[in-house]
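Structure first, then comments.
We just call them A, B, C and D in the order they show up, numbering each chain from 1.
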Amino acid sequence: MEQFFTQLTNGLAVGGIYALIALGYTMVYGVLKLINFAHGDLFTIGAYLGLTLLTSLALTDHIGGIAGILLLAVMAMGLVGIIGILLDRAAYKPLRTSPRLSAVVSALGASIVLSNTVMLVYGPSTRVYPQGLLPSQVFYIFGLPVPVMRFIILGASILLMIGLYVFIQRTKIGTAIRAAAIDQDAARLMGINVDRVIMLVFFIGPALGGAAGVMVGLYYGQITFTMGWTYGLKAFTAAILGGIGNIPGAMVGGLLLGVIEALGAAYISMAWKDAIAFFVLILILIVRPTGLLGERVAEKI
Amino acid sequence: MSLLQVENIIKRFGGLLAVDSVSFSVPRGAVFGLIGPNGAGKTTVFNLITGNYGPNGGSVIFQDRDITGQPTHRIVAAGIARTFQTIRLFANMAVIENVLAGCHCRMRSGPVAAMLRLPSQHKEERQALSKAMAELEFVGLFDQAENLARNLSYGNQRLLEIARALASDPRLIILDEPAGGMNELETAALVSLIARIQARGITVLLIEHDMSLVMKACEQLVVLEYGKKIAEGTPAEIKKNPLVIEAYLGSDDEDF
Amino acid sequence: MKPAAGQIRKTAYAAIILLWMVAPLFIGKYWTDVLNNVAIYAVLGLSLNIILGYGGMFHMGHAAFYAVGAYTTAIVNTAWGVPVLWLMPAAGLAAGLFALVVARPIIHLRGDYLLIVTIGMVEIVRIALINNVFGITGGANGIFGISSPSVFGFQVNSIVAPAHYFYLVTAFLAITIVLFYLLENSRFGRALKFLCSDEVAAQGSGINTAGYKLAAFVIGAVWAGMTGTLYASKMGFISPESFSFWESVVMFMIVILGGSGNIAGVLLGAALIIGLPEIFQGLQQYRLLIFGLALMIMMIFRPQGILPPKPRSYPIDKLEKNEVSF
Amino acid sequence: MKRLLFLILTGIVAATANPALAQDPIKIGLMCPLTGSWAAEGKDMKQIVELLADQVNNEGGLLGKEVKIVIGDDSGDPRTAALAAQRMATREVAAVIGTYGSSITEASQNIYASANIIQVANGSTAVRLTEKGLPYFFRTCPRDDEQGRVAVKTLLDSGYENIAILHDNTTYAKGLADEAKKLLDQKEVNIVFFDALTPGEQDYGTILSKMKTKDPDVVFFTGYYPEAGLMLRQKMEKGWDVPFIGGDATNNPDLVKIAGNKAAEGFRFLSPPVPGDLPTKEAREFLEAYEAAYHTTPGSIWAVLAGDGFRVIVEAIKQTQSTDTQKMADYLHNEMEGFSGLTGDIAFNQKGDRIGDVYRVYRVDAGGNFVLTE
């Protein structure tokens, strides 16, 4: 029981980050039916930009710890969002009317370009975030130690996700995004500027990925230029698990994937952890072919 | 003697009862019509017959064999071919290749025969090709064989779907709004095409909104409304049926 | 002007084949070995093309089948000393059986769901290999001491003489091209293209779509497995890192970049995806960056792939009039 | 026009005659991962070898000729490595240094062997690489079994009875873990845990929690420094104070940066000595020159071992006054003795393995420095 509880918190903390990155996949997919394979690298860029901003501006020294970190995160999100828009312009916009898989290859090319750019700019070595910016206390829940940062990570991810959900469900722009996701042509006829919607989606998704990057950097302390590939694949898995194109699905998928990994590692085998996660994914998809929260539409014939 | 019997068939989509215990039987050699207002469940009945949807109850008997819930390709092999309400052609392929799709289920050779280029496979290909050309000639698209399907006119695309269905040597052909998008001339030609199909000994089951075509072409009709059968009979009987008149007036359909 | 264009194309193909065949005499060991890699990936691309190109199934886990073939070869060869080329059918069979088992439950998944499941499949295989599943895969070390192929008693050592290996792998590539060309232009190839174009219509025309999808997976897997034999015997050792998800991505890119569903396109794709990084070798750490940019640019300028397939033509003019009847 | 033709002709003559000229450089190959996951190692290897080559050239070169480094990128992947080796073999190199990763080296071994080129590997510790009887293969790094032996001795000397072994499923870490397990199984200790983590992740809470349930006296981690650093910190956060001992892949200053001084303190690891610990003139000069050139210290010991590879090759050329492979190999096998390398004295046995006790045990002190314990 003790192990179960500990592993649950472990899984939820990692799952929160998966979920945050998964949102970027799912939003872009929802509107464009495109798997943005470069999304994981935007996450990496977020982590590296966060490091640059942190060390060059010394925000935390000027305006205090928490405020500095928040400002830092917002700046990194904004920058990564802009890079996301540029990425769309360069790699995907010219391929809007092409077969879907062509855009996937372009995305893979973009992923190679982005990760190698990071390598050339920042060097291939592991980079380390300054330590001691975040609280390192440990909570004791029923006598079990749980680092407070795990709650902060999970809390921040959930807060961002709820914010996004409210934005998509309650605001006019959010409605436009949902409309464009259902039928671009119809949305256009209703006077929605679909190009603007796509731009917005390519801002928000990468921005959330960038936020995840900063969080990973701040909490775990070390970042490498290849980490986007691992996280990206996991987050994509999470998005599919929840039902791609579905925002609550990405959240559920991410958290669930984190928990499956943690429990699989604890109770079955650590070395087989990723294999267990994929195996569960496959089982779930066999039973529910469009993911947990994906819509099951009978094709109109 | 009936070729196809639909018995108390039921289909639900979530909470919606799309087809509610519908029964009818199609006599061998007939031209049989299924009519009703939009959303009455006509196409759903077709999809249940051809195995595109699995029914929630009831059965489909074809040539005295229960084919309920069988996969579509088996049903085609058993002798039921169909066209689609929204045209479903292989748009980027040649017209002739589209018809060859229909020949598929009457051919045998597999991948190994193809890779070894066995003489039997070669002969079969040749026969299929001439069969496909013959079907194109039958529907009047002989000279379009090498065109891409998407370059055909709307009316001709409907004809191509019919040719593809005929190429599978069906006993029963199901036409889902064959005159949809056709002009008057084309519709008239379609009526005579249906007659020629019947003359080949193929039973025809069709959905159509163009009532003049239905009245001219069909020998017997079933009327659906809200998933239920409300009437059955010859065109003349149906025309007089008060339930049918009400159903159509209620839906403001001017075709009737 | 049609015949002239056809004539030009034929001449061009003949010239390329001739150049390919004599190339090892002029280009030295290194570039010959690059061509060996191109040929191996061309076969892999062609085998994936059956699934992805004709069948239209988003399959990004082809390296799993390649791995099964390579490991079958390595295990049997090192344990019992069976000559590697004899093991080609066994490797193909093992990969085909593996495909039959794993593809059956997932075949009905659509688009991106199939994509992630196939990615999951290749990852599970890689992790299984690393964890020394059944105690026979050698774990992360892999298996070493695989013998080189021998043709009629003549040892084909790809390391000492890449040119000898070149003709072996070229022969396999040539056989593959011919067989797959025949397959493409058959009832089977046509059925795959139908279900790729419109699955519902294909079913409605009487095509057993699930069966054909499965068959496509199995044939693609058999070929990838046999290519695994060639790879294992070329390297002399194999380890799990040669069968990562990235290998699958490389094969996927070959098919899509070259022209999904077209044999010539896939061959060109293999030459570009495998050849370009080598051309950029001199750029050292910049080479992958340039390669990624090249990928993006090529996709933007040729969104359908560089050589998209042409509609197939049928010899209807050769049919005699009296044949056209019921 | 005639003049132009003349120029071209003389150019051709000069080019073809070039090999005979004294100023034709001696080429030494360096195969390293400049792209891919191990690019950091490759970059260090390149910087170190190029720096040492510059030094040789500034001192008048080798046999009166310039030394030129020819670089090949192996991407840390066997297939690319085989191509890179084929390419290297065509470029008339006198010998090759590299590479990092045992399976990557293995992909290139036979190619160099068949081309009669000396290969000095720097980061490939798998035992089997030198068990094949290749006459021209050497390595400056020790083997897994040697490290396993030292690790087991350290563990036993410290009096631990319940030992957890954690690796990361890479060839190297798994090899070392297996080696240690094999030796420990013969002793009076319990291996209470033996499993792998997935490298490249950031949250190892799951693994730590699982290990903790087995309550080991010590954890022997055979993987790399990023994971070790993260685990040290996350273990402290969890309030678990089990000691960790690492293999030589944890020898990297970034370990302390990742873990933080407090969490890293007391961590011990095995490693060949770092140049900073060597009293030799060569090592001190090298470190100074490296810092002057790149404003940092070398990241990993493996890259420094590539530097030793270069120095060994240069020494062999110098001593034999030739670039003949057989002569150089004979010298390296039989005559080289106590050659002062950056990582201590170097000599090779007949298999091409480095002779001598290379391993030391280091400990991280409160200031985050690596201190030699013996």
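Just so we're on the same page, contacts are C-beta pairs under 8 Å (C-beta built on N, C-alpha and C of every residue); 3 or more make two chains touch, one makes a residue touch a chain.
Keep in mind it's a predicted model, so treat the numbers as computed, not measured.
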item	value
Most remote chain, CA-based centroid, reference being chain A	B
Comparison of A-D and B-C by number of C-beta pairs in contact, larger one	B-C
Averaged-CA centre spacing for the pair chain D and chain A, given as whole angstrom	36
Interchain centroid distance [CA atoms averaged], chain B/chain C, Å	40
Centre distance in Å when chain A and chain C are each reduced to the mean of their C-alpha atoms	33
Rounded Å distance between chain B and chain D, as computed from the means of their C-alpha atoms	72
Two or more partner chains touched - positions in chain C	130-131, 200, 285, 288
Overlap residues in chain A, where contacts from two or more other chains coincide	116, 119, 124, 269, 271, 274, 301
Interface hub residues of chain D, defined as touching at least two other chains	35, 39, 42-43, 169, 196
Residues of chain D defined as touching chain A within the complex	35-37, 39-40, 42-43, 169, 195-198, 200-203, 205-207, 209-210, 213, 225-226, 229-230, 233-234, 237-239, 254, 257-258, 260, 299
Residues of chain C touching chain A in the complex	52, 58, 105-106, 108-113, 115-117, 119-121, 123-124, 127-128, 130-131, 200, 245, 249, 252-253, 256-257, 260, 285-286, 288-289, 291-296, 299-300, 303-305
In the complex with chain C, residue positions of chain B that touch it	50, 52, 71-73, 76-77, 81-82, 84, 88-94, 96-97, 100-102, 104-105, 107, 109-111, 113-115, 117, 121, 124-126, 128-131, 133-134, 137, 145-146, 148, 164-165, 168
Residue numbers on chain D that touch chain C, as the complex places them	34-35, 39, 42-43, 71-73, 77-80, 82-84, 86-87, 89-90, 102-103, 106-107, 110-111, 114, 126, 128, 169-171, 174-175, 196
In the complex, chain C residues that touch chain B	179-180, 182-183, 185-191, 193-194, 197-198, 200-210, 215, 219, 311-316, 319, 323-326
